[in-house]
Amino acid sequence: MTTATANKVKAPKKGFKLDRQMIPTLAAVVIFILMIIMGQALFGTYIRLGFISSLFIDHAYLIILAVAMTLPILTGGIDLSVGAIVAITAVVGLKLANAGVPAFLVMIIMLLIGAVFGLLAGTLIEEFNMQPFIATLSTMFLARGLASIISTDSLTFPQGNDFSFISNVIKIIDNPKISNDLSFNVGVIIALVVVVFGYVFLHHTRTGRTIYAIGGSRSSAELMGLPVKRTQYIIYLTSATLAALASIVYTANIGSAKNTVGVGWELDAVASVVIGGTIITGGFGYVLGSVLGSLVRSILDPLTSDFGVPAEWTTIVIGLMILVFVVLQRAVMAVGGDKK
Amino acid sequence: MTDKNPIVVMKGITIEFPGVKALDGVDLTLYPGEVHALMGENGAGKSTMIKALTGVYKINAGSIMVDGKPQQFNGTLDAQNAGIATVYQEVNLCTNLSVGENVMLGHEKRGPFGIDWKKTHEAAKKYLAQMGLESIDPHTPLSSISIAMQQLVAIARAMVINAKVLILDEPTSSLDANEVRDLFAIMRKVRDSGVAILFVSHFLDQIYEITDRLTILRNGQFIKEVMTKDTPRDELIGMMIGKSAAELSQIGAKKARREITPGEKPIVDVKGLGKKGTINPVDVDIYKGEVVGFAGLLGSGRTELGRLLYGADKPDSGTYTLNGKKVNISDPYTALKNKIAYSTENRRDEGIIGDLTVRQNILIALQATRGMFKPIPKKEADAIVDKYMKELNVRPADPDRPVKNLSGGNQQKVLIGRWLATHPELLILDEPTRGIDIGAKAEIQQVVLDLASQGMGVVFISSELEEVVRLSDDIEVLKDRHKIAEIENDDTVSQATIVETIANTNVNTGKEA
Amino acid sequence: ACGSSNAGGSSDSGKKTVGFVAVGPEGGFRTANEKDIQKAFEDAGFDLTYSPTQNNDQQKQIQAFNKFVNDEVDAIILSSTEDSGWDDSLKKAAEAEIPVFTVDRNVDVKDAEAKKAIVAHIGPSNVWCGEQAAEFVNKNFPDGANGFILEGPAGLSVVKDRGTGWDNKVASNVKVLESQSANWSTDEAKTVTAGLLDKYKSDNPQFIFAQNDEMGLGAAQAVDAAGLKGKVKIITIDGTKNALQALVDGDLSYVIEYNPIFGKETAQAVKDYLDGKTVEKDIEIESKTFEAASAKEALDNNTRAY
Amino acid sequence: MAEKAKAEGNNFVKKLLSSNLTWSIVAFILLVIICTIFQHDFLALSWNSNTGGLAGPLITMLQESARYLMIATGMTLVISTAGIDLSVGSVMAVAGAAAMQTLSNGMNVWLSILIALAVGLAIGCVNGALVSFLGLQPFITTLIMMLAGRGMAKVITSGENTDASAVAGNEPLKWFANGFILGIPANFVIAVIIVILVGLLCRKTAMGMMIEAVGINQEASRMTGIKPKKILFLVYAISGFLAAIAGLFATASVMRVDVVKTGQDLEMYAILAVVIGGTSLLGGKFSLAGSAVGAVIIAMIRKTIITLGVNAEATPAFFAVVVIVICVMQAPKIHNLSANMKRKRALKAQAKAVAA
């Protein structure tokens, strides 16, 4: 019937096929590797096992946050409250731990608190037509405020707490020099599990596909009979709960926390997601890209300090690096697009 | 059929939008195994009635029974769960996803590890094949196929649900004859399996071909329910427009061909205009007062050529001569400045600016050509808006309503008004009569002829060969992104001539096969 | 003025490498302090890598610290934003046998292993500063007085320490009508003070204790606009040039120095330690207090670096 | 006759109730009432011969609102194009730093002001160029500029909080932020005039409509001959320029720039003001008057916090609660509550009747 003869699209070959939407993510991989190589060539410390280990151990929390942030951004929304949720859950968690509540219970309560904020954001967005930016900005202020009302002290875990199992470093390769040790901890494992969860959730569940559909066009998704409202709730619930999880990993790692923790982390998470190739207006992106984005974001700081950038210039340089990154991605996409 | 129990009974449905009563006590009854048409002019309330049934709009009064149970759907999901599958008038799919996903969204096949993509795509392929889209790989991004194909994909999607009621709101408006034939074949099959089909179309031929029963609306009011076979055309038209059919201005005869005087300069003369991957180099010339039709099948490149003429896409080869001067039409602004206007086939994405008012939508192109800082004086603006709203009979006649709240057909009229307001020398109309009721269609066709007789050059792109043949002086025939013939449209030319040309020409050689 | 291109161990030139986990330029005290440290280390022939954080984010400091451990620097200077949370990182430093010197803010370490890593603390005392402020008020208003406190952002340990110092020493007849945060900011302090002066007009406020110079200068402007210049005594901490000038001009009444200039002492301590000499555990940097006369003298000497 | 008048009246009330502006003003009045309860002379105005203007809580509130008015106005235009400008706070700091630094280096005050404005405009233009010509996403572009801008401010002052309060000849600039015109704060008057000018520019020319068109449907706008790229460039440039004015207000008030604090978090306030004012973050129709009221409300919330003596720890939570309450008040769901209930009852009755 249709004049399909000329337009016939070739069936894809089995195995790996290059999707145009994946180009920015691939660009992130390439640039990340280039950055490591550059760091190694100039400063000689970037492929040390210790560096790689602490890249993951120190940024397990950011990886989790990046996965969390990917969900709302895929729908064209955003969750600005993740940093503040880290703060409130950390403060409550430490208070409880110090009051002698068992660690396992504390963790559950922390996750529940995160979920409550997610639910609140979801309600504001879905029931009261607030835009995600504003709704989560409100919950961010609320969480941050409640955290400081509860305590402004620097709280420390009691000695021998049960949180430490998350932070206890497991050495795979134990060299005499610590900088050559390859190690990880349960926090890293949690982050990896979250990544796998994010991947399966987005690519192998109907809810995940609905998230993409909402990002493409919310009104279409509604007319197609997809459960948009429920999905929106799930998204903000998940991102907030994951933020609480990030809080558990982070506080366990450093063993202390206070109300000011996590200021600006939401922007780091957004930057990670964007660097990873997810479009801020929704519809396109991959959770694995976000993970790479968070790694790229993480090595920007050491690179600037190794380059000896003067103090006043550091934020400019970091900004410029992200800019170069985003522009490169656009360029790669434009070229890739033309070839298609 | 009346012996069966009705599957849907809507009684006394009333829906009010701020300032309009879109529906006022309308009844509708659907029986299993029938094709039932909702008939009415643009803005009569057909789409609104459908959305009332599927829970998109909340009704202000009335009752809805589905399968004997009173229902109040809270959104399309509920309606779907109750066995109602709907294809809405404006294509509502997600352009960021693949064709296959769009078909299967919400109904993906699942395996032990969540969605089983292999099975899902296989299923999608099956449904697409039903719609004659077997050539489309389910992995293709939806954004890369034409609106018409998207329409077919949307219908394929509706087939996924094992529905008791299938609603198709103007599914045929962007399809050509072949696809309509295929669609009807499927509809018959579905109908015979006992599904009730609610169908909307402005093509009377199609109505008489496929439907069993009609419900006629006018101005949001219920007029009558009749059996199709008992209702002559004239009577139907009369009920729809509230006047006798004879009063309807009809342009029957084929337009007399405008002869080009030797030595006359064309308005537009392009040579070798093309863009890789979309259309191969083409020569076209359009004279003052001439109507040039572009004919071809879906995806043959008509739209592409129209867009190149307007500068909406950048050509990568060819020369462009305007009134004897070489020009570089690099973007729509330049085109408009050079008195070329283009009305898109993709009304929703490239046409209307939804939240702006009708008034603003009419004025905006003219304003853009004058420049941001030279606002059109209020008096002049009022006059222009008034003129085109009257001339094109835009309803409701309220210029301060957001254009997105108008019915599809009326949006189209607003768009045509927009382009006429720029007083173009060359007007490119891409599917201008798509989704327009019979009355308005005749009006628009008349407008085209009038414009031409006043000296405007018109490019007329339409999937309805009948229109093209009747209105055009010259017909450019396209196939597979090549221009294969240019036909001087005299009395010997008919639809059949063009169909034959398309069928018999080999694209690569340009010769008859 | 800082950093080098080689952070990996001792550099080719044989210079010792030092990693500086810093807070970042914030104006006033902080900028003076970190510039002084950077300069002092350069002068002393060290190769210093400087790593600031953003938004006072401890996480970025921890990351930088761990990086320095992996780089196997010869020593780490830690100017931390938080006093706790350093145990794990310090343990790593201990394992790698890298000496750590804390500056400005002391850190609170529980782990015995981690404690070993810290060689010395160098810096002035925040509690002392708060105490000086209280004592000034006690002395000037023996019969008691009403006033306000302008605090930094809620939760920072500097804010707490300065508050603790005040509470330690303040007399019972001195009444704080309200403590408000002005976030270390001049501009916000002006707004906040104007509001407080309006609100407590009838209570006759007589002093304002601003926890840093920036906020004190803002408060002074609000006081001036309200026509209360001279009637409300403003006490600030830090001792920047601007504050001293304001003191001379009579806008402020008392300035307590929080001396940021201890780069030399820090560099010396590091050098001594690396040379195998013993280093004092707690090197407290002396600070001064200023009234109008002493401020004028200090300004005339033109010796102040900040 | 009377019937009709009543119906019209009803319609009017309905319109009023569903307008964001109404609810913003209600919120504002509520805040004032709360403050007056806490501090009885909250509304009192007195003449301050020291400054040559009126004095009182409301006056300081208006003084502070000037800067919000500026950034909210620019933000409104940007948001209308479906973009966002996160850099306004940093631009304030850069412009302020430029003014204070040049001033304390001995430059003529007018020249300093010009330079500050030029710097803001330049940053706005860079944002605009990146967004329109390179096609980068506004959120990430301006986020980068927010980071970089902070750094630029630090570079300009070498990390110091440059103070120009003692510089001779700084009076004009000081006056902008602290002076009075006919007893009313000069910066507020200037800000209102600028808002009105921008409003006129948008509504008396076709600029407003074109901005909205681009925000609603960029591709359709392009097809009508509008040049979306130019429009995008323009709105970011305007936003940068207005942010520079806000930066001057903020720094001139104390004649001192604080490289970290000046303008910090103000982008969030500006966005809030715009949303409270009824402009959707998804772009499209905008209301400058709404944003202006939103900006004053933000200043009022901050004033309320000081007046009530809300603890430093609790201020963010208080802020959040007020914002949530305002936004919920504006939600259509709340407005239609009674109408919806009525409709539901009627339908239920009908359904019963049908079933019977």
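Brief remarks follow.
For clarity, chains are labelled A, B, C and D in written order, and residue numbers in each chain start from 1.
The rule is short, and it goes like this: a contact is a pair of C-beta atoms (placed from the backbone, for glycine too) under 8 Å apart; a residue touches a chain by one contact, two chains touch by 3 or more.
To keep track of the chains, here are their UniProt names: A = Fructose import permease protein FruG; B = Fructose import ATP-binding protein FruK; D = Fructose import permease protein FruF.
Predicted, not measured: the structure shown is a model, and the values here were computed from it.
With centres defined by CA atoms alone, the chain at the far end from chain C is B. With centres defined as mean CA coordinates, chain C is found 34 Å away from chain A. Work out the mean CA point of chain C and of chain D, and you get 35 Å between them.
Remark: chain A and chain B have CA centroids separated by 44 Å (rounded to whole angstrom). Looking at chain A, residues 148, 152, 259, 311-312, 314-315 sit in touch with two or more other chains.
Chain contacts: chain D has residues 154, 158-159, 311-313, 315 touching two or more partner chains. Residue positions of chain B touching 2 or more other chains: there are none. Under the touch rule stated earlier, the contacting chain pairs are A-B, A-C, A-D, B-D, C-D. Those residues of chain A that touch chain B in the shared complex are 1-12, 20, 200, 203-206, 209-210, 212-213, 215-217, 219-227, 229, 283-284.
On the side of chain C, the complex with chain D involves touching residues 25-28, 31, 35, 151, 153-155, 178-181, 183-188, 190-192, 194-196, 198-199, 201, 214, 217-218, 221, 224-227, 242, 245, 249.
On chain D, the positions that touch chain C within their shared complex are 39, 41, 48-51, 55-57, 60, 64, 154, 157-161, 163, 165-166, 178, 250-251, 253-254, 256, 258-262, 264, 302-303, 306-307, 309, 311-313, 315. Across the interface of their complex, chain A is touched by residues 1-8, 22, 24-25, 31, 34, 49-52, 54-60, 62-64, 66-67, 69-72, 82-88, 92, 95-96, 108, 110, 153-157, 160 of chain C.
If you check the complex, the residues on chain B that touch chain D are 11-12, 58-63, 65, 70, 72, 312, 331-333, 335-337, 342, 344, 349-356, 360, 364-365, 367-369, 372-376, 418.
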